[in-house]
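To keep things simple, chains are lettered A, B, C, D, E and F as they appear, and every chain counts its residues starting from 1.
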Amino acid sequence: MFDNPIAINDIIQRALLEDIGSSDVTTEAIVDPKRRGKAELLAKEDIVLAGLPVFVRVFRQLSSEMGFEHYFRDGERVPAGERISLISGPVSAMLQAERTALNFLQRMSGIATLARKFVDRIGTRKVRIVDTRKTVPGLRLLDKYAVRMGGGANHRLGLFDGVLIKDNHIAAAGSIKEAIDLARDKVPHTLKIEVEVEDLDGVKAAVDAGADVVLLDNMSPAIMKEAVKLTEGRVMLEASGNINMDNIEEVAQTGVHIISIGALTHSVRAVDLSLEIIPDKIV
Amino acid sequence: MFDNPIAINDIIQRALLEDIGSSDVTTEAIVDPKRRGKAELLAKEDIVLAGLPVFVRVFRQLSSEMGFEHYFRDGERVPAGERISLISGPVSAMLQAERTALNFLQRMSGIATLARKFVDRIGTRKVRIVDTRKTVPGLRLLDKYAVRMGGGANHRLGLFDGVLIKDNHIAAAGSIKEAIDLARDKVPHTLKIEVEVEDLDGVKAAVDAGADVVLLDNMSPAIMKEAVKLTEGRVMLEASGNINMDNIEEVAQTGVHIISIGALTHSVRAVDLSLEIIPDKIV
Amino acid sequence: MFDNPIAINDIIQRALLEDIGSSDVTTEAIVDPKRRGKAELLAKEDIVLAGLPVFVRVFRQLSSEMGFEHYFRDGERVPAGERISLISGPVSAMLQAERTALNFLQRMSGIATLARKFVDRIGTRKVRIVDTRKTVPGLRLLDKYAVRMGGGANHRLGLFDGVLIKDNHIAAAGSIKEAIDLARDKVPHTLKIEVEVEDLDGVKAAVDAGADVVLLDNMSPAIMKEAVKLTEGRVMLEASGNINMDNIEEVAQTGVHIISIGALTHSVRAVDLSLEIIPDKIV
Amino acid sequence: MFDNPIAINDIIQRALLEDIGSSDVTTEAIVDPKRRGKAELLAKEDIVLAGLPVFVRVFRQLSSEMGFEHYFRDGERVPAGERISLISGPVSAMLQAERTALNFLQRMSGIATLARKFVDRIGTRKVRIVDTRKTVPGLRLLDKYAVRMGGGANHRLGLFDGVLIKDNHIAAAGSIKEAIDLARDKVPHTLKIEVEVEDLDGVKAAVDAGADVVLLDNMSPAIMKEAVKLTEGRVMLEASGNINMDNIEEVAQTGVHIISIGALTHSVRAVDLSLEIIPDKIV
Amino acid sequence: MFDNPIAINDIIQRALLEDIGSSDVTTEAIVDPKRRGKAELLAKEDIVLAGLPVFVRVFRQLSSEMGFEHYFRDGERVPAGERISLISGPVSAMLQAERTALNFLQRMSGIATLARKFVDRIGTRKVRIVDTRKTVPGLRLLDKYAVRMGGGANHRLGLFDGVLIKDNHIAAAGSIKEAIDLARDKVPHTLKIEVEVEDLDGVKAAVDAGADVVLLDNMSPAIMKEAVKLTEGRVMLEASGNINMDNIEEVAQTGVHIISIGALTHSVRAVDLSLEIIPDKIV
Amino acid sequence: MFDNPIAINDIIQRALLEDIGSSDVTTEAIVDPKRRGKAELLAKEDIVLAGLPVFVRVFRQLSSEMGFEHYFRDGERVPAGERISLISGPVSAMLQAERTALNFLQRMSGIATLARKFVDRIGTRKVRIVDTRKTVPGLRLLDKYAVRMGGGANHRLGLFDGVLIKDNHIAAAGSIKEAIDLARDKVPHTLKIEVEVEDLDGVKAAVDAGADVVLLDNMSPAIMKEAVKLTEGRVMLEASGNINMDNIEEVAQTGVHIISIGALTHSVRAVDLSLEIIPDKIV
């Protein structure tokens, strides 16, 4: 699932250190470390699952004796009430991993579930729903993975893997054309050049200067349609700014290729999951 | 503001590395590093501010030449439209810090704003609104700080600074009494012993066994009132479970001392802030 | 044994890097890495063992082929001359781990052995012997674990998991009452409030202001008895300051609940252990 | 003083994180961060000072506003009762740094004070008192620095900067000669070759094979004298094993060049220092 | 110069720790830390300079008292014999930083000097000389920066900021078309899609499937010309494979847009620079 | 092979993070993670192999399912065209590890191959070829290991494991004698004292002052011979400065014991190796 186990393990280790700190005083005092048990991960509402490999690694960081059976995979819909996984292993490690594992999984599934709603809302149309850089500091890899699990796609991961020329860049360069020329001259040829514009003049200037992608910032659907007509498929068009469940269909119908939605990651509702240790399985 | 500048700086450095990665290709190509400018941080909605010292450090990590004037402080209410800060320094560093700095500040102010709403809703009553461990992995220090800025208080920071005996601990120990005895025997005497119970029998058992705090999990206000009567002030009582803006007043009126609310941090809405570089100040 | 394998492994890795640095030049030049052997860990004096899991992990960090048989467990008394463990694996890794592993184990067992002496000295009385924050920087988790293995208990682990109001806090707040009020208002409710006082007036003020624990700093046993009488069990009382093997019984008889001893960790005598590679087992 | 500020700063940061953790709950609740004060560092017994630069950096890591006046320098004797330093700055940072700073300084000065005693005991004779690798894991740089401040010298810092062929190396190689030949062939020519031997035959074999230094392990002074006579100054001789204040003079008189003493660092008594905030200087 | 001071400082700290380790034993023994001096950095051959900001930071990491005057800037040609910089500060820090600072600067200037030769060789033609991922592990940011200082441009920094479909990707996908379709469907829209092909059929297939860039792997100039003709400017063409000073002009004349050269970074000759402390300036 | 797996793993992890960053976008989009395959590592020119254990660990960091069969070992000559290793495992991990693994192996084998050439050139004479500190920052352990695999030996690893008194140290001390006296007095006795001199007077002064090793800096072979005669074997002599394949025999014949060559590591040519995934083994 993840190309980069080193980075993921580092994120998980920090999360566990943050929560356990010097010691889980309660469990250490009360639960015999030899006790073993089983627990089940349950969906308490309808969700799209994302983050199961992270969830598993949290437990495995604390004990090499953890066993897992999964009944769903990342990207699948899980109806309320379903058991997602069955976990077995030392009870003390379960209790110590539980909150951190759920904190990851509830956020990631929350993102996937919301992304899926946006994607479903626009139906079969060939429009790509993408995220933004409005993610929680430190968890961008996970947030963006979750968007993909929900059927969305990723905008650039950071400032390093995409050129996005904004108003201040344009101001610093003097004009859209000058900004694009500088970028084309200096950035790796592997990157497309995207320019954010606020009106049709901007669209025209960007296309004339050779932009690969034009971001239509806070435009009305009517203006977006004009932009689509104006550009005749010569560039990709990205709609951005205050797009929500109510207006996304209308935006999608304008003919833009990409719709970016900050709300996918900046205001995540954690979905309701629970991890229940099965009492009569504790031995 | 923060006792622990080392931990905060580490969180900020990781966030910047995550976003900038190998390079901000756009800015590096277009903006002359000698250019200086001014920017203003604006509230686009009514908020309670939290995170300004973090916001500042993000910029300072990238340039030692950043200057700041602040018109509000953490914990204060900022009405929509107000200027929070004026920032001056190298434009390139501003552009590189902007998104990361806002990601921190919008989340933290979102938490503070929500906490303030809960606190205000219960008015002047002597009930403490507290958070939980349902925070975003890696940002707990910041999430919990934000709760305080919103007028709330903190439950334990992690597993290390508070004893909370839950159902599985009780099952492992055999009974509430046995669990409390084990904890009292082994944990530092600086920690109180809190026990989570589900009914009045549990409350009674916890008090009899000498618990310092009893967490009333998912009880109705009516039962909470019984618990208050039953315990006669011998223990602190914490109400927990599905408490929201609609029912918090009723819960507060039961006489419990503490109300914990997972939603304060697990499903944060980022407040709307914007950082605008002032065009005619770029030099 | 340890809730937090991540933190422990980090401590061990740093210790090994410190000692091995660029290379164990002697062993690398002389010992064929394929050579395998056995070694025995011996007690050269009567000790209480503490740190075996750390000892084992030091070797395992250098080679996954290490095998161990243990004849004692942490917390047990080991008489002089007894074999504690039998170790088998690559000789080169043994030689490289040896000193670091012993440095940990000798210090930790030194702490446990001393703690046990204090605990035994006061016999069966219900008084808790606790440590302080006077530990070696970087090894507090291990130092405090060793105290527990010697039959002692832990005071707070750090500044984060216990409130201890000292003279300077009182001076800054204005009075004991004001300091306690501030602390009760702001710290997590999971923490007790302990106040350090120097005389009976202080004890009285602390109790009246609602302290949970009162630390009697450098008081004579006679005054401690007065404090016990005065407080009538309403608070826990901790005796502290220059308590040693000679006077601890007298202090314990005063009726205080807790005795804290800085010497448990600030001036540790490493116990005498040796690791002997068995010559005719080298193959 | 230290060549390697990067390594020292890292050690200090870890120590502060260990102690402060999520927060100094007491100070944060009670002490206004704007309060400033003065404190004095006092010697409560006669010591040789070591670690002042570390002490200073602990405070500076927490606040850039700390000021220091020093009345003694590392390596100097400080009589009981003397003021070592005067410190001024924010009171809250002082309270948070105090324990960690003292933990470093008391241990390091304890080492220096003991080393000075050994050095003084053997008077003006040309014998070098050196430490061993029996240091506290993580603090070797500091422990060894303290030995130098006490007038001692350092044995190798770790396994990387000195060859020390011990019994197991000899067993693995087949003989002293084979071990020395292997080492001379493979290790950097910048390192001397030292061999540990247990009797005069060993001394002879080591000298014949071209050892640069011979470590006389646990020999009686009489045998050491024989070794001195036997080697006639062709090699350096190091005495090691159970050397203490009672027998060091006799050992020194045998004519050996170096005496190594594990007790310098493995069983350190922290010297008695105190940091007193001056009450009427708090503003 | 660098967007990412955090990453650069981390690289420099590791380099200094690697070289200084536990201590610069020579300088610490001999040079009084209060001694101050001046040194000059000299070019011993004609070079293109790259890495001066890194050079400076190496010294600054060891002492905050270093002063610098520079007579050249990165990217400029420096004739043999010229003084590049004048450095003043503590002599001990100079001696400790010298080798590490030169190791960085000699490699980086070696890369820039070579890149400049390639760029000059093809004269004014509109062909971009780019590097590859054949860099020294750990120094890619610096290696790639040096290429830019020599007048070259960067290919993707890593696997994250560019799509490059190679033979094995094509084999795994089934065909060029299938590979491109998968990539277009899944990767961020900010990235171009580049395909490596080995013959004209591959070129045709890649263009038909919508590749943005086609990498002509190990083709003869004659075939490259065919590729240029075949594609008629619809895609960017990159020539790669065994291109050197002898054949680069011919390759450049084929009409390709980009020439990538692994030798720019995989086999770097360190240029000859020297840092001379000026004897009579030592005070 | 390496004493210090912790340090090596850290170097490898950083290299992988540098290359993979947020994700290998190409492979993640195209290659099913369940696909398995085989690949062969081939020598494309005659080399001396060095770095195979590093090569293996790069793959293993990304997948625990990698299998290896090796047909050569580090230090062996591999003729052009030979298969060095056969690798099996997940294709996606292979593609992600490939470039980083080769970057290490090609550099290390390049160093070993060149070292072997120098060693062979001087034939059976008893002269030791050693490296310098002119290595690539961050990879010194690997560079120096590769020199040993090529039949060379190592000079000091860093500033910590060897004393080398240079002109500036002498200037700071006042004279060669004073510098040596200071060093002998202060550095661990495990280190030899080497002095760099520029003429026969320097040689004489160094020997008279008791240097263990004298470095003859940039002397002609004739002068070196004089130095050999003058010192009569009382010290080791190291020749240094512009020694290359053309003049090394003549230098070796002068009678010096050690020849150090910066070019072994400062200007490494990566040898030609390739990793070919075997197409019909992909399943």
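Assume a residue touches a chain if its C-beta (ideal position, glycine included) is under 8 Å from a C-beta of that chain, and two chains touch if they have at least 3 such contacts.
Quantities reported herein were computed from a predicted structural model and do not represent experimental measurements.
Participant: Give me the step distance from chain B to chain E, shortest route via touching chains only.
Facilitator: When the steps are counted carefully, the minimum from chain B to chain E is 1.
Participant: Counting only C-alpha atoms to place each centre, which chain is farthest from chain B?
Facilitator: Of all chains, F has its centre farthest from that of chain B.
Participant: If you line up contacts by residue number, which pair in B-E, A-D or B-C shares over half of them with B-D? Let me know.
Facilitator: Equivalent chain pair to B-D in B-E, A-D or B-C: B-E.
Participant: Please indicate which chain is farthest from chain D, where distance is taken between mean Cα coordinates of the chains.
Facilitator: The chain farthest from chain D, judged by C-alpha centres, is A.
Participant: How would you label the chain B and chain C contact, same or different, if same means the shared numbers make up over half of all numbers there?
Facilitator: Same: when the shared numbers are divided by all numbers used, the fraction is over half.
Participant: Please tell me the distance, in whole Å, between the geometric centres of chain A and chain B computed from their C-alpha atoms.
Facilitator: Spacing between the chain centres: roughly 22 Å.
Participant: Between chain C and chain E, what is the separation of their C-alpha centroids in Å?
Facilitator: 52
Participant: Which chain A residues reach two or more other chains?
Facilitator: 3, 20-25, 27-28, 96, 140-141, 157-164, 186, 188, 191
Participant: For a test of understanding, state which residues of chain D touch chain F in their complex under the given definition.
Facilitator: Residue list for chain D touching chain F: 3, 128, 130, 148, 153-157, 159-164, 186, 188-192, 194, 212-213, 236, 238, 257-258.
Participant: Using the touch definition up top, name the residues of chain B that touch chain E in the complex.
Facilitator: Residue list for chain B touching chain E: 13, 16-17, 20-25, 27-28, 33, 61-62, 92, 96.
Participant: Looking at the complex, which residues from chain E come into contact with chain B?
Facilitator: By the definition above, chain E touches chain B via 1-7, 140-141, 157-158, 160-161.
Participant: With touch defined as at the start, can you tell me which chain D residues reach chain A in the complex?
Facilitator: That would be residues 21-22 of chain D.
Participant: Over in the complex, which chain E residues touch chain F? Could you list them?
Facilitator: Touch residues, chain E against chain F: 11-12, 14-15, 18-32, 35, 91, 95-96, 99-100, 102-104, 106-107, 110, 133-141, 157-166, 168-169, 171-173, 179, 182-183, 185-188, 191, 266-270, 277, 279, 282.
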